[in-house]
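So that we are looking at the same thing, I have put the structure below in structure tokens.
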């Protein structure tokens, strides 16, 4: 787009600078207190939060078992294609799933509207809230929102205790520099806009499934 | 004998004087000498709350001057106490009396606050054999942080049955000039409060603010309810012998 | 009295008497209160969380130019565009020019209060561009041709049968009042729009300076679809929405969710920094952020009111307000309703026209108690009242009343005389059964309150009698 003339920009900045010549008072408070109790057992907390926010969490002993768990989840779904993030692990595991479903890989483009499920990896899992952090690198923007079921393949190493740790992770991996998009997903889509009654499954996925394999300690 | 100076809100003085008299009765019973400085008129809240700060300021200055020499000031109203303690410093900012106003604010107490925190008395030897619900007046609750004080005092009143009214912390809708300017909203809020009072089974509703009570009772009467309001001082002023002699509480002379 | 003020009084009177409406709102608020109460318990120190949020917003607003410039620089580095709009008109024009120059026929919109503030949809509709609200509550009120009733729950004034009737009429393939089925109907209807719209418009809960990203807090997924599928994504945000660091969201996200809906965190917290990146599979080709001033820089300059710009639009104050519960969201007649609306609107839209909103409050302080960023809302209402008086924006009758009041209360004898006259007058009216009629100057009070006769003697007279004069 040709640059649009934006005379207002300087005027707005001028007004802001003039206004800020005088600082405003602050409210007193004791600084630096923790606002959440520390998370003692991240895996346990993650699972509890998933139950509370209606995320289906399956813990498996290893990647192979995760692959079979995903096959089990897919078997329950109506017939139709699925969209899968193109990673070496998911390519390997997909051998077990392919029986009668068409797989569209992320390298081939964005997910179809008709996909019955999408399968992606995640950047991290957050125990405090039972959340999944995804980036554009996890199969793209549409991958975690377009289909009725979103399946996440993760490992226990990806679990961080709380949101502070999640943002530290984001900063250290420089995720904003590498991605135009990040999303912290907590449960399946929902709305309470009708009489404040909670209805699961609005415009995003109706089901969020996290398949978490334990890394050997 | 320790002494308190009375700060009687203007509308208590003019429209609900029994609240003042009962306050005096209770203070004397626990051994405090009571004085009333007749130069006092109003703390300035009506003008201040309506935005007329320039009109309120000289009235506030006059108030500070009147009570300068008083060691302890007691007021049977959370909103008026709030005016002095929480708002005089802002109203008088930049004037020579600001510092004094801040000091005065530390020496002015709402009635229940005074009894529990200064006089440190919770059993007033009172008797009031009725079901009572407490309405948490907004200024007392949110500006002065008072909630347990009245309940603590009421717990020691013989024969009283404390019932918790639903939404006791909801505003009754008085709000000063709000009640006149937006009388339909004010009345609807009062109506809701009256409904909760009726549902609680209470015979009396009490509060620290006589203005709330005036508003709630006016609406209860309009609804032909038998429930009446009574200021906390009115309950605490009733003693066992008094109650025995007068089986239904009789309001003192000057009251309605 | 301004037109807005007259309308407010009329609507307030109508809604105050509407017990059905009050019942619906009471029920909704009770559910919210229960959830929010549980939500606050999840924090080990809710007050510390509020304090931290206050500090984050204080730092952001008091360094506004610096953080806005940092945000802008990073967005542009990723190929996005930033336009600074001084007022509604400039913002509307930018959006309209962009849409028409790109051949946009349909826009999907996720919730943006700023888009309501600048009246964007009507302007675009006039150009033949269809604007589809995708947030369920907004979608519902759009079908009804209404404005949002509440900034977070736009359709809370409607029952499921209201919505069922609406969908039956407008969508056709619906005949149920079961909420999951109604939601499914909306999903079906809007799905086509998400996939066919050329442009998606969103608001921004926050503009994150150190990442150059907007943060979107949602539950439904419509925000993500609107900002991922169309080829253009445009963001509308007030300049005050900026926060310094991504890390700040670790505190803000749970606090916002708790205050907004009582959830520990909402379903989707999305961060978007630009159009689709060079190695990315999907995403818009263009990313535009419109930063709106529209009176905010003036509020910034008013130092004692500046903290009003800290607002994170959670809606907690609206839910806490007994006036809102009585008159409902539409009565205010403004984009922002409830306490924050009553504080903000006179500043954004003129004190002469809108100061009545700051007066339509009993100053109960419930709003201040619940504000997650510790804005002293009810004190700002008082300040607005003071400013209205100083701007001569109040009725002359009121001015006169307080002049007389001031004259009376500065002298104890005058005051006592005035009091005696008032009481005598009341007793006469009551005896003649004229209280509450047009002859009663106090009828604003007496028409709703039944009272026994006014007292014969004041406290000071009785005290004088009991204790000797003086």
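Things worth noting here:
Each chain gets a letter, A, B and C, in the order it is written, and its residues are counted from 1.
One rule holds for everything that comes next: a contact is a pair of C-beta atoms (placed from the backbone, for glycine too) under 8 Å apart; a residue touches a chain by one contact, two chains touch by 3 or more.
Only a predicted model underlies this, so the values are computations on that prediction, with no experimental measurement involved.
Chain centres here are means of the Cα atoms, and by that rule the chain farthest away from subunit A is B. Innermost chain of the displayed assembly, by C-alpha centre distance to the whole-protein C-alpha centre, is C. Chain centres here are Cα means. That of subunit B falls 33 Å from that of subunit C. Between subunit A and subunit B, the centres computed from C-alpha atoms are 55 Å apart.
Taking each chain's centre as the mean of its C-alpha atoms, subunit A lies 30 Å from subunit C. Not a single residue in subunit B touches at least two other chains. Residue positions of subunit A touching 2 or more other chains: there are none. Contact residues on subunit C toward subunit B in their complex (touch as defined above): 9, 12-13, 16-17, 22, 322-323, 326-327, 359-366, 368-369, 382, 384-390, 394, 398-399, 402-403, 405-406, 408-412, 415, 419, 422-423, 444-445, 447-460, 462-464, 467, 470.
Across the complex, subunit A is touched by residues 27-28, 31-32, 42-49, 51-52, 54-55, 58, 61-65, 68-69, 78, 81, 83-86, 90, 94, 97-98, 101, 134-137, 140, 153-156, 158-160, 163, 179-180, 182-184, 186-187, 190-191, 194-195, 211-213, 219-222, 224-225, 227-229, 239, 246-247, 249-251, 253-254, 261, 264-277, 279-283, 286-287, 291, 293, 297-298, 300-301, 303-304, 306-307, 374 of subunit C. The part of subunit A that touches subunit C in the complex is made up of residues 1, 4, 6, 8-9, 11-13, 15-20, 22-24, 26-27, 29-31, 33-37, 49, 52-53, 106-107, 109-110, 113, 129, 131, 136-137, 139-146, 162-164, 166-168, 170-171, 176, 178-197, 199-205.
Only residues 8, 10, 12-17, 19-21, 24, 36, 38-42, 44, 46-55, 58-59, 62, 138-139, 141-143, 169-171, 173-190, 192, 214-215, 217-219, 221-222, 253-256 of subunit B touch subunit C when the two sit together in their complex.
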